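In what comes next, subunit A is part of two complexes: it sits with subunit B in the first one and with subunit C in the second one.
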Partner chain A sequence: MREIILARIDDRLLHGQVVVKWIPHLEADVVIIVDDELDNNPFLKKVTLTAAPKTIDIKVTSVDNFSECFKNVKGRILLIAKIPQVFENLINQGVEIKRIVLGGMGSGDNRKNLYRNIHVSTEEMASLIKLADTAEVDIQIIPDDKPRNILKI
Partner chain B sequence: MTLFNYIILGIIYFIGSSTSFTFGVGYYTLYRSVFSGLITGFALGNPAAGLMAGALTNILFIDFSSTGGSLKGDPCMAGILSAMAAIKFDIMPAAAISLSFPISMIGLVLWRYRLSINSIFIKNLKRTIDKDPEKAISINNIYLPQLLLLAISIVLVSATSWFLYRFGSMVLGRFPEMEIVLNTTGIMLIILSSSSAILWFKYKYNIIMFSVAYLVAVYFHFDPYLVLIVIMLLSAQKRKTMDMEKYVSPRIGKKEIIRSWMVWMNFTHSCYSFEMMQGVAFSHSMIPVLKKLYKGKKDRKDDAIKRHLEFFNTEPNVGSSIHGYIIQMEDRMIDDRQISGPMISDHKKGLMGAVAGMGDFTTQTVIAPITILGMIYGVVTDEISMFVFSTLVMIGTVMFLSLKGFFDGFYYGEEGVLRRVNLPNEIKIFKYSHKIFVVLLGLVAGESIYTILSATGIGALTGGSAALLLLFIIFNYILRKGIELKLLVLSIYILNIIFLIIR
Partner chain C sequence: MKTIIVTHGDFGRELLKSVEMIVGKQENACAISLNPGDSPEGLKNRILEAMNGTGHICVFTDMYGGTPFNVSIDILQDRYFHLLTGVNFPMLIEYFMKEDMNMDELVETSKGTLVFVNREMGHVQEGK
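Moving on, here comes the complex of A and B:
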């Protein structure tokens, strides 16, 4: 069985909230971090993999190599990327993503505050709205929070 | 209760929830019920009662973690109110807990809006930064947000404790038998929260380990020091020495690093906002280093300070190797043209997420709960030295880890960061930490229940305490079936009140 149970957008990628809250909550078996920059930086990649909890399978991949990486995993999968465009790209590649949550998008880079710690630029917002056509897109920082649908904000 | 008393309680709450000025340990000590209860006890003239009420309240928050900034309750407020109720109404500590626990939820309001309110200071900072960055940062990172927090704390806690005092006096004055009902409710709350805390870690034999420890505590009353020795033996190991090349700088030495560490540890969360999280504190902590690096070049120094003023969030103590590493990069940038400001920023952002995950695991699920259990264990077994010892272990660990992070990151760069990130794999005791937590919780729960029952003067104490284990198992079973904790807390209150009315 290979199923993407959740895709999360977070600048900080594999952050404390993911490790302490989301992974146990989702009972995920695999976390795939889709990020070109991280995949190309051997030091940061090594830090990320070393810091990851040992009880779970963690993969780091670039957008282009995603399908290759996806083939080699099994179980309940959590995807993490920094920006929504990554998931848009994956969906165009034919990957099935049903639910996307926004967990943390920092201020800066022409981003405007959307809700609490979620800041988005115009391009990102356009991409999120496009994603909302095929998937359920919510702001939900940790599992204990009530999901807020992106289209209703 | 005089007006002065109320204001003092407000100040105690400010000291606890501020977490500033305490070298990063305030959050793990003063913010927790056991300490806020103790200090309230001192303020109201009965430290022993305050400490006991605070310690028992703390069991309700033993699996408390702040990850994500959303909390299950407010341990500091709950500790203050319980201690106040125990002392002022002269009721049993478990009764004080159940009376004040629901009221203490008001503290959540502060946490909820604190991160939004602090945006005012971020705006103010951005407005005034160009004139004098150093001054702008210290005003907007320390003074203004802390003064506001002090004012809010005094108002909020005075009002809440005044309400509790009036409400408690009325209820207990009119129905003195309420104390027994509240006491039962308190016992059930402690049992419920322990049953829920063992679910924190998934392990098949949790409940069995917990039960055995509970019964051992009830029947044999282990000396806490015996338990301590076992934990010490488990944690004994030889650490590998560093075999890495040390980075030497003609500009930056121990002095600058320690100064930077002091700023970071004291002010990480003093202007915590959704916009920047610990970003202002990060920039603030770089000032001692940047001042040295750009001595006599005010413009370049100011630019560097502004460059660091961006979103940053990580686990503040374990994550400190990031700071050390960034200080090294800043230092190398002076001679090395390949390093640029944006490159430093990218490393900062890349590291903060990865380190935060293992950092939160290390401090919030291993170091804090185990040492705090040690403190409570000391209080309920009346071994104050054990309470003091656990506190010192906690303070020592947090300060040592954070300062060492700065040094390792600076002197050993990438290797230092990697070594820090590998910490949970390297330290043997981390492998058993979940089991130690469950066993300690069993011992603490057993001793607590025994202490509470002996205060009520119930005969056949040991048998009674042992029988209550059944309630743990039932609660644990219900929780595992997916019933929400909140619902159970509510039903405990309602049931107990119904019983009172029927009687």
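Moving on, here comes the complex of A and C:
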């Protein structure tokens, strides 16, 4: 069995809420961080992989190498990326993503505040709307939050 | 040796205060809190400021993958210091008690301080 149970957009990638709340809540077996910058930084990539608790299986991949990484994992999978365009790219590659949550997008870079700690640029909003064609896209910072559908904000 | 404890909220600051009840005031130690709404960049600057000066530095963070940890490894790319994660009370006491603490030894010793007391005593009622 290999199933993407959730794709999360968060510019902090892995952080406390993800480790403590999301991974146990989703009963995720594997977390795949899809980020070209992290994948191209051997030092940070190594720390991310080697310092992880033994209870979490973490992978780091670039967008281009995603399918290679994906075929080597099993179970319930959580994807994390910084921006929606990454998931749009994966869907165009044929990857099946049914549910996407926005968990954290910082201000700056011409981003406008959408809701609490979620800020989006015009391009990111366009990408999110495109994603909403094929996936459920919600703002949900932690699992305890009620999901807010992106099309109803 | 300069010691910096970086944690979610005031855990580190209070931990240091509690540890000092046992080992006495530590002049070369400080704690940095990440509070709700603080940016990673702001936290990074506060850590860099605390690192100012000469001598060896040891940074303790609370949890792998947390922002205090993530920001610390970002700094670790550019300068050398000891970085530990999973800081707790017995670990920090052990660290301050010994001069020139060996970090591998500290981690190994600390693992031994986690005890399910009932199990060790053979006093476990199964199902509870």
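One rule holds for everything that comes next: the second predicted complex is superposed on the first by the 151 of 153 C-alpha atoms of A that agree within 3 Å, B and C clash if a C-alpha of one lies under 4 Å from a C-alpha of the other, contacts with A are read in each partner's own complex, and residues count from 1 in each chain.
In the analysis below, contacts are C-beta pairs under 8 Å (C-beta built on N, C-alpha and C of every residue); 3 or more make two chains touch, one makes a residue touch a chain.
Note that the structure is a prediction, hence the values are computed from the model and not measured.
Enquirer: Label the relationship between subunit B and subunit C on subunit A in the superposed model as either fit or clash.
Expert: They clash.
Enquirer: Quick one: classify A:4 as touching subunit B (first), subunit C (second), both or neither.
Expert: neither
Enquirer: Regarding the shared-chain residue A:101, is it in contact with subunit B (first), subunit C (second), both, or neither?
Expert: So A:101 meets neither subunit B nor subunit C here.
Enquirer: Taking the superposition as given, does A:114 touch the first partner, subunit B, the second, subunit C, both, or neither?
Expert: Neither partner.
Enquirer: Per the overlay, which chain contacts more subunit A residues, subunit B or subunit C?
Expert: More residues of subunit A are touched by B.
Enquirer: Going by the contact rule set out at the top, does A:52 touch subunit B (first), subunit C (second), both, or neither?
Expert: A:52 sits against subunit B and subunit C alike.
Enquirer: Which of the two partners, first being subunit B and second being subunit C, lies in contact with A:86: first, second, both, or neither?
Expert: A:86 contacts neither subunit B nor subunit C.
Enquirer: Taking the superposition as given, does A:43 touch the first partner, subunit B, the second, subunit C, both, or neither?
Expert: both
Enquirer: Applying the document's definition of touch, where does A:21 land relative to subunit B and subunit C: first, second, both, or neither?
Expert: first
Enquirer: Touch check for A:142: first (subunit B), second (subunit C), both, or neither?
Expert: Touch partner of A:142: subunit B, not subunit C.
Enquirer: Enumerate the residues of subunit A that count as touching subunit B in its complex and touching subunit C in the other.
Expert: 12, 14-16, 18-20, 41, 43-44, 47, 51-53, 106
Enquirer: Of all residues in subunit B, which touch subunit A in the complex?
Expert: 65, 67-68, 70, 115-116, 202, 274-277, 310-311, 313, 315, 346-347, 349-361, 364-365, 414, 417-418, 421-422, 425
Enquirer: Under the definition above, what is the set of subunit C residues touching subunit A in their complex?
Expert: 8, 39-40, 63-67, 69-70, 73-74, 76-77, 85
Enquirer: So in the complex, which bits of subunit A are touching subunit B?
Expert: 10-21, 24, 37-38, 41, 43-44, 46-48, 50-54, 106-108, 113, 116-117, 141-142, 144-145
Enquirer: Touching subunit C in the complex: which residues of subunit A?
Expert: Checking each residue of subunit A against subunit C gives 12, 14-16, 18-20, 41, 43-44, 47, 51-53, 106.
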